[in-house]
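Dropping the structures in below, format is structure tokens.
Both complexes below contain subunit A, partnered by subunit B and then by subunit C.
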Partner chain A sequence: MKKGIRLAVLIIAAAMMLSVASCKKEEKKAEEKKLLASMATDVGGLGDKSFNDGANQGLELVKEKLGADVKVVESKQQTDYVPNLIGLAEDGSDIVFAVGFLMEQAVKEAAKNNPDTKFAGIDIWAGDGDPSNFMGILYKEHESGYLAGVVAGMMTKEYASASPKFNDKNVVGVVLGMFIPPVEKFEVGFIQGVKSVNPDCKVLSVTTGSFVDQAKGKEAALAMIEQGADIVFQVAGLTGLGVIQACKEKGVAAIGVDVDQSAVAPDTVLTSAVKQIPRTVYLAVEAVKNNTFTGGTKVYGIEDDATGISPFHEFESVVPQAVKDKVAQVTADMKAGKIKIETTRAALGM
Partner chain B sequence: MSFLMFLNTDLLVATVRLSTPITLAALGATVCERAGVVNIAMEGIMIIGAFFAAVTAFYTGNPWLGLASGVLAGGIYSLIHAAAAISLHLDHVVSGAVLNILAFGITRYLMVLFFGHPGTSDAIPSFLGDYQFAVPLLSKIPVLGPVFFNQTPIIYISFILVIFLAWFLKHTRTGLHIRAAGEHPLALETIGVSVYKIKYLAVFISGLASGLAGAYLSIENNVSFTEGMTNGKGFIALAAMISGGWSAAGSFLSALFFGFADALQIRFQVFRIFHVPEELFIIFPYAATIIAVAGFVRRSRPPKADGVDFIIEKENE
Partner chain C sequence: MTGNKTGTKVRSEREHMKKALDLISVLLLAAGAVYYLGGSFSGLAALSSGAALYLFNIYYFQGKEKTLSAVKKYLSRLIVPLIGIAAAVVSGAVIMLLTGYDPIESYTALFYGGFVKNWYVAVLNATPLIFTGLSIAFAFKAGLFNIGAEGQYYIGAMAGAWLGFKLELPPLIAIILVYAAGSFLASLWNFIPALLKVKTGAHEVITTMMFAHIARYLSPIFIRAFGGDPATSTHPYVTWELPESSWLLSFKSFIPDANYRLHTGILIAVAAAFFVSYVLENTKTGFEIKAVGFNKEAARVQGISVGKNIFIAMMFAGALAGMAGITQVLGLDHKLFENLQAGYGWNGISVALLASNNPVGVIFTSLLWGALDAGGQYMARTTHTPNSIVEIIKGIMLFLIVAKYIYIYAARLIKKKKGGGSV
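Showing the complex of A and B:
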């Protein structure tokens, strides 16, 4: 046992030395003082194939294009948030990202206590009373959801004959993880999108209460499929992998979330309602570099190419041109501000 | 459309699917506690089992090897609990808690080692869900046929285990020894049976069962391992064992009840029967757990020496 621990410690130490060594090498190449951009994940951690990974990709982009140093720490539990964020600030970060709605209190506290460091929060709102060195980054998830809803609404009824995956029941479903604002926006956007092209369509909805419980996601999707749902939109993080699995087993279509999830099950994932977190992370770091960083909330939407749906991949030939045209038209209308989308269930009277 | 249209066979099939991991872990815990070793580590053992099942299935492409490796990993991991609680006389609850926390750390570390990233593993090429089969004739019985006789392999194994363990604990010599170790270990030692060995065996069996529960989650119900995918099922299993009165059949029935509560709340949401915040649906299975434990536990009695440290003092050594 002791030997094992010693070995593990040695391996970790060696790995750390290597990573430090590789950083040093890069430093020699660059002549000016390097920017340090860092992030702390929420408890989901790296590998969530969702916003933590998205923010990390943003930092990779920063490293590559701006030549900045980057640093990532993972939070194991909610009590890690504040120490992780403050630790990154004390390490000399120029900007620290907090990833996820659940880190709101922590990042605002850290920003207050470290006025010389810039902070940014993904999916976090910055209000009037918040420190000026904090930038909240929000997305118009309802736009992505709406576009996914347009596709689902048309495919489940009008073009149901395009693939044996669809039936004539005119039912679609949404599986949610925890019920938090970004998730809610995806859902209500989706419902409005479906109804805009297919007012009679029944949209089922289940909240699982977890972002990691695949078994529960699967059961939620199966319960919907039993009721005739032929397209299920997952807004449930890793719980959603169970949703996609259920759709695959039952031969119906799924819609992914946050990132293009086609690779999870290419024959099942119709499209994904995405948000381009990497790009917005990049923009925030660029602002720091150019001294144009300002506090307050920055909301990214379709006009910044930050929201939308992913390509259809294997469904490219299944989805008829009429649907693609409709998506293009709705996208243009959204950019022109012609479509008003509600963002809460309350506004829909749910 | 009737108000009660969700009360159908699908609900019962979902109940069985949702209760299987709970049943398996609760069965293991029953054996363990009947031998006098408190086990709250099912959550951690399940996550270990789920991980090794997925890794093996991923690299070999054979889900049956994954199944074997998940079960074995659970058994081996549980031996830490056995060593700590039996040989080193550590408090059983403390050791169990440590095992739960350790499992999350270990799997996170190993995820990076095996898959290059934390979070969720890559999808396994073939999974046990493909091996669903209907038992001839029996599966034709209305309602109960599809529920019990048209399922996937680990679900069948869980049914067999319920019957086997109920018989094993009552009618075999080893089974009686296990129960004696939990009721009156000194008596057992007096007739020349090593209490330590019996306890080790019981903990190991519980580890195998929890490992199987984990394998069910990662390679039969789904096709990948996700950190934290047990999501409290190990603790619900603990409640199932307690409200099931420390018996195999009782644990199975309680687990079915919890699975039923979960399947039901999902259908409440699908059918939008009650217009209440979803949090109320989500807590429904857990609230049912509390009520069941509070309601039934008075009538169920733990083994007399459950969690009591057993030290043999040998003189002239």
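Showing the complex of A and C:
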């Protein structure tokens, strides 16, 4: 009997100690609340191998280097944008990223209604009337497009013999998703890059009207290849994966966009016109952590190493040194401000 | 003599009282619905007390038998869908277990997110779905498959935006005119498919679907004309904002703690559902349309014009789907986006099938669909269970309903065979 009582007392004491200990732990947790950075994708979702994935990589970087918690939610339809962004703010996020130009209206609305949370938008412009807790992150896509154009312009004619993928028709193509400013800047930059090294080259361009329709991307690319294009530059998000697929099937080269897309089809993707979304996402979260976050638009370009083209990977041996030298020279000239690149079709007289 | 008089007096007093109580219960139900759809859960109390009063009325004036049969009538309508939902939820749980997610945690988040936390999102999602669901259900009643509701949606949305820009009228008049003219234009979008169907027999599944694509890809052209000029605009995929006179009233204007996005389009949708139900059940046109849908030959023999009724059904279905677009533009977005990726037309087929084409049932299935979508996003955000599980659950629910049609079809076949054997 006595033994039983003693045992019971012991158990109760142990339980009490445990609960006190766990209470302490919880208190500690509450004291040093971790930074929470989150993002809502646009309808393209994760796995677009483009800006949604790019921003996600940025959050991975944040998790690893800043030790912050991260949260990602995929939007299924346009009407999900506002509830998702507001929901992430309500979950206690310190900064919420909206990914993609199409979320402009939604993220500004969410920022206005949640003044205590910071918001940032990839590819979204922040103007005078916009809330001060919103940061727009833009890139000089025309610089990446221009460099990709230089490579394409040289490879399609001068060095076409370097690989059986290229023909003698001197035609290249661009497949666009929806015709929105970042897409336009890529395209216009690309055309200027091509023309700078190969003025006679014919540049085909098609707007598919969608960022999520791989079949349509494939169809558009096949039509271009039919017309003699041997390099197709895709600026079309998920739709663009269909473009790369078509190029792979027809044995021509593709140029990827936003992130290094070599992994999609290593024997097809010549290079990618990238923007360093992960790095800029990281910088924004770091600013929140250091209390240096400010609203307004941040434009990243080649001087920040945020634009440019990715390595050639499997094409390293195909692309001749002369092209690589030219790319290096153009990059240097851009950094020095020696090259003026137009950013709209209107300026090109298209 | 006098006794008789007092008898009638008492009876008429009872009649009056019954009518008064009925009216109160209907008012309670209506007010409860408005508040509940406005995101205020006090509306639920009004709804349930209204329903209780309705049942009490039957009990007090007509006796126990009638009450029981009324309860039975409503329950029997609910039983098949409820079994379907329960089976889908259970299968969803099994899939979650197999793929390593916690079903209890996920379902808690799903239902809490859809029906409580983000109920307003569910209502917002449901609003256009009710219209497209009604459109498809109505066409089904005439034996037609209006698969192109998506296109009529875009036509309605474009017409709504266009009229919203052009009409500079006082709020209420502007809205009524936009609805009238916009739904007329959307019904015209079904004119050619209806004509082809009646004159040549071209199947409406093909023609309306093709027209849906045309309408969908007309929208960028429309947007370029109303604010989405890439040369001057920072957002060429969306029109300017509509003038405030053509916005639908928001719930916030009379329920202070309602979400600011929630608009009264849902009330128009619910009213439309009851209107469609009335047309089908209580009018000559409704009777004829159902007769044509049930058996064309028999209807023809009865002297009902098949062509005329198919025509009416197609045009009316177009108008209903168009209202979905109008409501979305005037109520929620106040502008027209190029591509919503929402598939209201296609999802309308699901909610119509799920409701067995019952117009009032469409309200509930749309709200269910809306809540599953809203809750799915909440679940994905808070528990990391992927959203696709919601699509799987929806698919299973639909399958179980379609399976019901298979049973009916099989039963009919067997009957036919038996009938054939005896001849």
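Just so we're on the same page, the second predicted complex is superposed on the first by the 318 of 350 C-alpha atoms of A that agree within 3 Å, B and C clash if a C-alpha of one lies under 4 Å from a C-alpha of the other, contacts with A are read in each partner's own complex, and residues count from 1 in each chain.
Everything that follows uses one rule, which is that contacts are C-beta pairs under 8 Å (C-beta built on N, C-alpha and C of every residue); 3 or more make two chains touch, one makes a residue touch a chain.
The structure presented is a predicted model; accordingly, all values stated were derived computationally and were not measured.
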Check: Given the superposition on subunit A, are subunit B and subunit C in a clash or a fit?
Finding: clash
Notebook entry, point to check: Now for A:212: first (subunit B), second (subunit C), both, or neither, which partner does it touch?
Noted result: both
Next item on the list: Determine, under the contact definition given at the top, whether A:346 touches first (subunit B), second (subunit C), both, or neither.
Entry: second
Next item on the list: May I ask you to decide whether A:106 touches subunit B, subunit C, both, or neither, giving the answer as first, second, both or neither?
Entry: neither
Notebook entry, point to check: Of the two partner chains, subunit B (first) and subunit C (second), which one does A:47 touch, if any: first, second, both, or neither?
Noted result: first
Next item on the list: Report for A:84: first if it touches subunit B alone, second if subunit C alone, otherwise both or neither.
Entry: second
Check: Looking at the overlay, does A:74 come into contact with subunit B only (first), subunit C only (second), both, or neither?
Finding: both
Note to self: Contacts for A:179 in the overlay, against subunit B (first) and subunit C (second): which applies, first, second, both or neither?
What the structure shows: both
Note to self: After overlaying the two complexes on chain A, where does the subunit B footprint on subunit A coincide with the subunit C footprint?
What the structure shows: 74, 179, 209-210, 212
Checklist line | Residue numbers on subunit A that touch subunit B, as the complex places them | finding: 44-49, 53, 74, 173, 176, 179, 204-210, 212-216, 218-220, 222-224, 226-227, 238, 241-242, 245, 249, 264-265
Notebook entry, point to check: Which subunit B residues qualify as touching subunit A in the complex?
Noted result: 10, 14, 17-18, 21, 108, 111, 117-120, 123, 129, 217, 221-224, 226-229, 231, 233, 262-263, 266-267, 269-272, 278-279, 281-282
Check: For subunit A, which residues count as touching subunit C in their complex?
Finding: 43, 71, 73-80, 82-84, 87-88, 91, 101-102, 104-105, 113, 125, 127, 178-181, 184, 209-210, 212, 344-346
Margin query: Could you list, by residue number, the parts of subunit C that touch subunit A in their complex?
Written below: 118, 121, 124-125, 217, 220, 230-231, 234-238, 260-261, 332, 335, 337-343, 373-374, 376-378, 380-382, 387
